[in-house]
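Okay, so chain A shows up in both of these, paired with chain B first and chain C after.
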Partner chain A sequence: MVKMIVLAAVVMSGCAIRSTRARDATLHYHPTLDELRTAPAVGPMEPLPRAPLATIALKRVTSAYPQPIGLDYSDDGGFRKVIGVEWSAEELEAALSDALPLALAGADSAVMHARGSIVSVALYRFGGTMYALAALELRVSHEGAEVYAARYTASLQGPDREQLLVALANRLVSQIAHDDHLAVALGGGVR
Partner chain B sequence: MTSRLLLATIALAACRPAATYLVAQAPGRLAEADRLSSVPAIILVTPQDRRPEAERGGRAAEISFLFLLASTGGSISHAAGAAVLDGDDMLRWSNHGFPGGDDSNPSSVASDIGKALQSAAGRPIKYVVAMANAAAADAADGTVIATVVLDHATQITPTNADHNQTTRQQGNHQVTTTTSSSETFGSYWTFAFQIELGEVRDRRVARRLVLHVASSASSPTAYGDAVQKAATEVVHAVASEWSKPSSATPPFSPAPAGPRRCARPSGACGSSRAMRIRSTGLPSSRPATGDR
Partner chain C sequence: MHSINGVIRCVLVMATLGAVAGSASADGLKPLGGIEPLAPGVASTLPDKGVLPRREGRVVATVGAELFGGPSSFGANAVATLRLAETIGFGIGLRGATGGGPFLRIEAIGLAVNHWAFIGFADYALSDSWVGGALIAPLRRDTYVRVAVSADEQGNGSMSLGVEYDLW
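And now, the complex of A and B:
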């Protein structure tokens, strides 16, 4: 209907037109769509590295991201319409809660403890493509004193919501397992 | 003329939507509060405001196209996205006594968290206008210093909106017709805080913990939930992690700060990355979760 009105207006009168592709279509606390578009496509799931940081035990992963986490649009052009709201990312939370303790090799005798906080999740659908980004903050403490803190971010795009969120969790865990700064902070590297 | 102006002013004031009053109920005293007996004092210091600009001044949904009809002077526009509430004008808080705080800024949020913390811990909270390190210089060993960081406090309304204005000549008159339509997908309230805790040894912050709290809902009651969560998390963290006194010097020194791999304020510089966060007693330089 809107397209018809616009086309009729164009035909019937001289006019100036400004039409934009979605750029700021994301929520204000997320990157723009242009930035989300730089993410690679989701690929086959890679096995997680089994290179545990043996002295860390994970206390828990908390969800501390602002919601909603995104919007569903009919397409990404000037005539796009919001058709739905993305509210939460349980798949990501569950995958992180499962995979992160394995990467950190939790043990009762561990001398260090880690807290993970999911501080940002962005999930947008434009037509048939979904763009996702997640940020996890890891804080490692020894005797109650924080000795290391880092924020890990991963982004992907693809057609399937669940596959995207699980793959994002795996990417985040993989970054932590390969974080050389973390290994150094633990006292010279323990991997 | 004066009475017309007065009437117009009253009409405008009546049409303006009312500000939302954010209220937080204090939780009851927690059982873990018994383990805080060795803590000489809990001090709440000057809060930090890291809300994105859109949450302070508001933002409309992005206009995805705009036609200006040159021959008739009319216009057609379409917007799709999310509108953000003007938080500085449309939100109101109570203030329970944070010195220097007004009724609509982060000090009011901090005072709500202080009130909830006082109730959850079952002991008085001291408010100090200073940064954590400055407050530590005058504090006894074992004192807990808390800094509230306000990351998000807003209402988001996903919206599609169309606006059509045409102008035509009718005799000696110019007639302008305006039609607008919009559909929304509900309103969502979202609140996110960080609580940076420091434990004092030798007049400086010797141990540090950072807690994240967020709550979202279709009503502003999410604010009260976030405040209660914050107070509960602080009592839990101090009771479980700081119930034993710290040694004078932490046994692990943080690695020297590495280069920030992502300089963009939105934090989106590629598919994956790690960004170090400065740790142990230093003011945090990391961006809030929302930066745009």
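And now, the complex of A and C:
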């Protein structure tokens, strides 16, 4: 009996179906879904350090990330469907534009200038959970020559899009404010 | 003699259980984030996409460990399988239980979507054989949970819970 079933199973193995349309769930220029899932959950907002580097002034934050920035899926299961496309992250850009100048403290005595570029944003929704990642490049110049460059990357997950993106911006700014190499490059800075 | 064989089987199965659990924890990913220094004045490139799950490939080699139980049996299986398109597999295993021993596993009649899979399987051993169906669900990158129901030639049913890890 079992041998018959095994034989039938082998014969019917042509019935196997495999869907390959939604491989890995993320766009090719974004991290994999497994990597996004490692993001910590959004927690209570930490107060941002104010004016830690008083010798640097921010010129501007530009957006230089590929679009779309992500996809909305109906759920996290095997039969998930794409129900939307994420195109931009205005909340992140606005939060960075607000918080970054405060952290960098563009005082009158500023002798260095910084430019920030958001080079990657990934925002994916699986049912009630959103996964977000953002990368910001900061380039600092002094008398026309770049003296420091770094990429700051942060990832978070949570249910609310706006809260997630604002928290992500704060996390990036916090990384910059606590970047010891940046402080050294600026000749000690003021912390 | 029988008891020695039983002990050896149990040791082998437990070793496989440990190896699968160890491999599964080894593919732990760290949260993305941090500060990456760049060369001043030089344009930078974004990091490459991370490694995709091995199951994205057409053929994968998988090892697994399962605990099973039913009205008339209880034990553990250690299985190594070569699987095509997530749904058609051929493997060898070792059953650690009363009347256990080596067996052949054939998997077929499968449906796999986004690495979730339903597959039928038949375990063929000299002493006894089982047929059943399994649900395989992704746990993390190369690690999967396998829940199965099966029945032997006498019609005795059993359930099993296991972990699979893709080697390549």
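Going forward, the second predicted complex is superposed on the first by the 163 of 191 C-alpha atoms of A that agree within 3 Å, B and C clash if a C-alpha of one lies under 4 Å from a C-alpha of the other, contacts with A are read in each partner's own complex, and residues count from 1 in each chain.
Basically, a contact is a pair of C-beta atoms (placed from the backbone, for glycine too) under 8 Å apart; a residue touches a chain by one contact, two chains touch by 3 or more.
All figures in this text were calculated on a predicted structure; none of them were measured in a lab.
By the document's definition of touching, both partners, chain B and chain C, reach A:Ser155.
When the two structures are aligned on the shared chain, A:Glu91 is found in touch with neither chain B nor chain C. By the touch criterion stated above, A:Ala64 is placed in contact with chain B alone, chain C being left untouched. By the document's definition of touching, both partners, chain B and chain C, reach A:Glu137. When both complexes are overlaid on chain A, the residue A:Asp75 reaches neither chain B nor chain C. On chain A, the surface touched by chain B in one complex and the surface touched by chain C in the other have residues 2, 5-6, 9-10, 13, 15-19, 22-25, 28-32, 35-36, 38-40, 77-80, 119-120, 133, 135, 137, 139, 145-155, 171, 175, 179, 181 in common.
Taken in their complex, chain B has these residues touching chain A: 52, 54-55, 59, 62-72, 76, 78, 80-82, 84, 151-152, 156, 158-160, 162, 164, 185-186, 188, 190, 192, 199, 206-210, 212-214, 216, 241-242, 244, 246-247, 250-252, 254-255, 258, 262, 264, 266-268, 270-280, 286, 289-292.
By the touch criterion given at the top, residues 29-42, 44, 46, 49-53, 56, 85-88, 106, 108-117, 120-122, 124, 129-131, 137, 140-141, 153 of chain C touch chain A in their complex. Listing the residues of chain A that touch chain B in their complex gives 2, 5-6, 9-10, 13-20, 22-25, 27-32, 35-36, 38-40, 62-68, 71, 73, 77-82, 84-85, 117, 119-120, 133, 135, 137, 139, 141-156, 171-172, 175-176, 179, 181, 184-187. Chain A contributes residues 1-3, 5-6, 9-10, 12-13, 15-19, 22-26, 28-32, 34-40, 77-80, 119-120, 133, 135, 137, 139-140, 145-155, 171, 175, 179, 181 to its touches with chain C in the complex.
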